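Please find the structures below.
Paired with chain B in one complex and with chain C in the other, chain A is shared by the two complexes that follow.
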Partner chain A sequence: MTAQAAALTTEVTSVPDRYREATIRDQVWLFWCIPGFFAVFGLVFVVLARVMPPPAPGKSSAEIIEFFQAHGFTIQIGFVILIIVTGLFNILNGLMTVHLKRTTHGKTFAYAFLFAQTVGVTPGLLLPGVAMLAGALRPERSPELLVTLYDMTFLTFVGSLGCFVTAYIPLIAAILLDKNKIFPRWFAYVSIWNLVTEFVAVPVFFFRDGAFAWDGAISFWVDTAVFVVWQNAILIQLFRTINRQPPGMAYPD
Partner chain B sequence: MSLSAASESHVEEFWADKEDVPGEKAMWLFVLGDFLIFSAYFVIYLVQRAWDKQGFLDAQQHLDINLGIINTIVLITGSWFVAWAALAAREGNAAKALSLVRLTMLSGFIFAALKVFEWSKEIKAGYTFTSNDFFGFYYVLTGIHLIHLVFGLAVLQIVVARLKKGVADHRLVETGATYWHMVDLLWVLILAFLYMLR
Partner chain C sequence: MRSIDQIICLWVTPICAVLIVLAFIFFPGFMPPMSPTMSETEVAEFFRENVSAIRWSMVTFNLFDVMFLSMFVVAGVQMKRMATPSPALAYAFIGSTASVVTLFTVADLMWLVAAFRPERSPEITVLLNDMAWIFFVTPVGLFASMCGFLATAIFLDARPDPVLPRWVAWLNIGAALLTLPSVLSVVVLSGPFAWDGVFSFWLRWIVFAAYVTLMFFALRNAIKRQDAAEEAIA
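Presenting the complex of A and B:
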């Protein structure tokens, strides 16, 4: 163990024994909220609101009105649930920040990662949710307005993946420069795949059909496949990192 | 028994002083995964091209194949320098490896400058990202390739920083070389699929 690592893992001797394991136990409990969040997320998007996989951008106004009328109630139930649980996504960011701060270059990178992730969550989850809820509230409103809300939902939901690009840069840098070996290096490389494929989500703002539209083979399917791999990777290595830390860890401020 | 034991010990002896792969193992995982992602992009490109072959061929006429080939030569030259740098690092010659890696980085900067020049030429001629499906693929594929190249320059800068300290860390140089060869190979595939395929 390097001198820096030793300094970071100093045990807090004044803490009573029964609390020493508590940090790890708390983090493990919090950790399980994240797969829970993704289960609810899948339920809302796939089963209730029927917006995943996304319907085609090229739908006619009549089809869009039909979409809001057919799924209005489940859209409302689904996105109301999402509004309540969205904050749980930040447990992932919080746990990652705690452990990124243990890396040798971590302090600044950890906060850069945290806030950049948070920027992505707003357009990625809340904006499409609110746009869908606004459409479902008055399905009888004029077709142009419903089409606008429909576009807004999917442009923000798929296109906002571009917002996460800035979060991955400090994450990758913190892991590759780290000498404490808090996170495995392969995770940094998996994050590069995710970074590059999420760049390719941005063309959804330009295309109404083909591979780069919001339901396209490249902008949606490849992107989502790599995102699922990355999301599993971050959960697996975060779980290992939590369990590998020494009991009674003192965290850097 | 004796024969298999003898051949096994022979194999072990052969591998005793050798590493599994040149450079870092995780880098090879990255390279293989990246090729998988690019393969998906190429397959999607070929499918969409098959749906509108004439449209893609007409649009392809407006690419500058000469610039494409010059860029290929620039990148392959850079790859040759970085392979040579890995050999120098294995011999423990940090100074020689340092100048060779710097030459590779120079080739990367030339490639990027030529690519930006090529894009501006296409945009001036009126072929933008949304002109047609072919140009959508052209800008996306060359764009993410350029992002890979910029990452590669960052990786090589880390290698340069280590070599400057006089440390001929051949594993690190090999890791950088592995990444750079991937950038090179991806470009050759883009050249074949976008510029040359008839």
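Presenting the complex of A and C:
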């Protein structure tokens, strides 16, 4: 018997909770909501709300007013859809928490990941949404205020860095220190790159044009490319982790 | 009284809810709710004239609004007792509850900032008031997701004696569906879906109050049955 098979048998035979069904159906249903959520996310940001790729920070006041007037309606449709589905982000967090808790040092890391991700929703998603909607609601506002809302939208959207730094560090640590082989190690390495992008986005607060501005070649395009790779990586490894777990297993409390 | 921790957390919420209802009654912006069509001059005048009532009611709301979390945490603890295949829904639920109460706080702070210097230029007061109302009324998706996670967990609970009865699942689905239309309050400035409208204001907050009340009794019952079951084993 291989070591892996031995580990599998011990896990299967130690099922203390007789109520737990020997099934993973809830996780499979929940999992398939995530690609749907990401697809809506993409549709809203890229097609409707015009947040991605972001308009330039160097626009003149007149151009910013023109932006809110020209795209006001699609911004509203986009964010209304986004607000309805926001909470589904927590499906990913919930599933990741379940499996992070199965790692050797998972108990603390899992909660750190869950809460940092949850905190990130408000400054990183809802605040830019509300700022954008406040602009679109009354495009007749004074130009100064519209410019402020425009800056608030993109700086909070691209620049809510610490929440995700705090989420990715325990995620990476949990995987690298894990002896139960719950997640593949390559996912930790992809996550390190994603962590680095949070630091690469720091200059958005200093530059209004060039590669490091919020629409720049590095701060936006490189970071977004890494994030898209990471999104796909988290989905692929989560799908495999869910299907590889021994059936009827008792989850750590 | 084995679950004294859960009982304390559960009772924090109705006590705070009473104070929040009082704050809402004394907040001049809710009785009746401020119309989004008010002019800049009217909004600025509203903040100048009602400055102390706004401050006292919103400070009260500030102190007690997050305590809804206390009851939701009890719901999370009960979800972890359910015989669902995995605790994924419980963690997702806890995540959503934290965001729901954060929104109350941000809205509250925007009103307090607006009332701090009511003499500032009217267009800035209007913006702060708009942001407060948008944060207060619009982001319903987090509440809906929280209700959806709880309802799904109740349906999946395979215990012969379920932790929470089926009607609680339907209560959650109903509460989610009835509050979702208020998302439209960022698109329209008047009518039933505006933030002072029948759907986005009255229906939404009546549903939320009824939801919290019924959840309180459902959770109190669940704790009682948990204690009785654990007493029987001990």
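FYI, the second predicted complex is superposed on the first by the 228 of 253 C-alpha atoms of A that agree within 3 Å, B and C clash if a C-alpha of one lies under 4 Å from a C-alpha of the other, contacts with A are read in each partner's own complex, and residues count from 1 in each chain.
We take it that a contact is a pair of C-beta atoms (placed from the backbone, for glycine too) under 8 Å apart; a residue touches a chain by one contact, two chains touch by 3 or more.
Since the structure is predicted, the reported quantities are computational estimates derived from the model, not experimental observations.
Q: What does the overlay on chain A give for chain B and chain C, a clash or a fit?
A: Overlaying the two complexes on chain A (C-alpha atoms) leaves chain C and chain B fitting together cleanly.
Q: Report for A:A211: first if it touches chain B alone, second if chain C alone, otherwise both or neither.
A: first
Q: For A:V98, decide between first (touching chain B), second (touching chain C), both and neither.
A: Touch partner of A:V98: chain C, not chain B.
Q: Which angle, in steps of 10°, is spanned at chain A by chain B and chain C when each chain is reduced to its C-alpha centre?
A: Spelled out: centre of chain A as vertex, angle of 140 degrees.
Q: Tell me the contact category for A:I65 with respect to chain B and chain C: first, second, both or neither.
A: Touch status of A:I65: no partner.
Q: Note down the smallest distance between any C-alpha of chain B and any C-alpha of chain C in the overlay, whole angstrom.
A: Scanning every C-alpha pair, the shortest chain B to chain C distance is 29 Å.
Q: Do chain B and chain C touch any of the same residues on chain A, and if so, which?
A: Comparing the two interfaces on chain A, one with chain B and one with chain C, no residues are shared.
Q: List the residues on chain B that touch chain A in their complex, please.
A: 24, 26-27, 29-30, 33-34, 37, 40-41, 44-45, 47-48, 129-130, 133, 136-137, 140, 143-144, 147-148, 151, 158
Q: Taking the complex as given, what residues does chain A use to touch chain C?
A: 17, 19-21, 23-27, 30, 76, 79-80, 82-88, 90-91, 93-95, 97-98, 114-115, 117-119, 121-122, 126-127, 129-131, 133-134, 136-138, 141-142, 145, 149, 251, 253
Q: Mind listing the chain A positions that touch chain B in their complex?
A: That would be residues 176, 184-186, 188-190, 192-193, 196-197, 199-200, 203, 206-207, 210-212, 217-218, 222, 226 of chain A.
Q: Over in the complex, which chain C residues touch chain A? Could you list them?
A: Residues 36, 80, 83-96, 98-99, 102-103, 106, 123-124, 126-127, 130-131, 134-135, 138-146, 148-149, 152, 156, 158-159, 180, 183-184, 186-187, 189.
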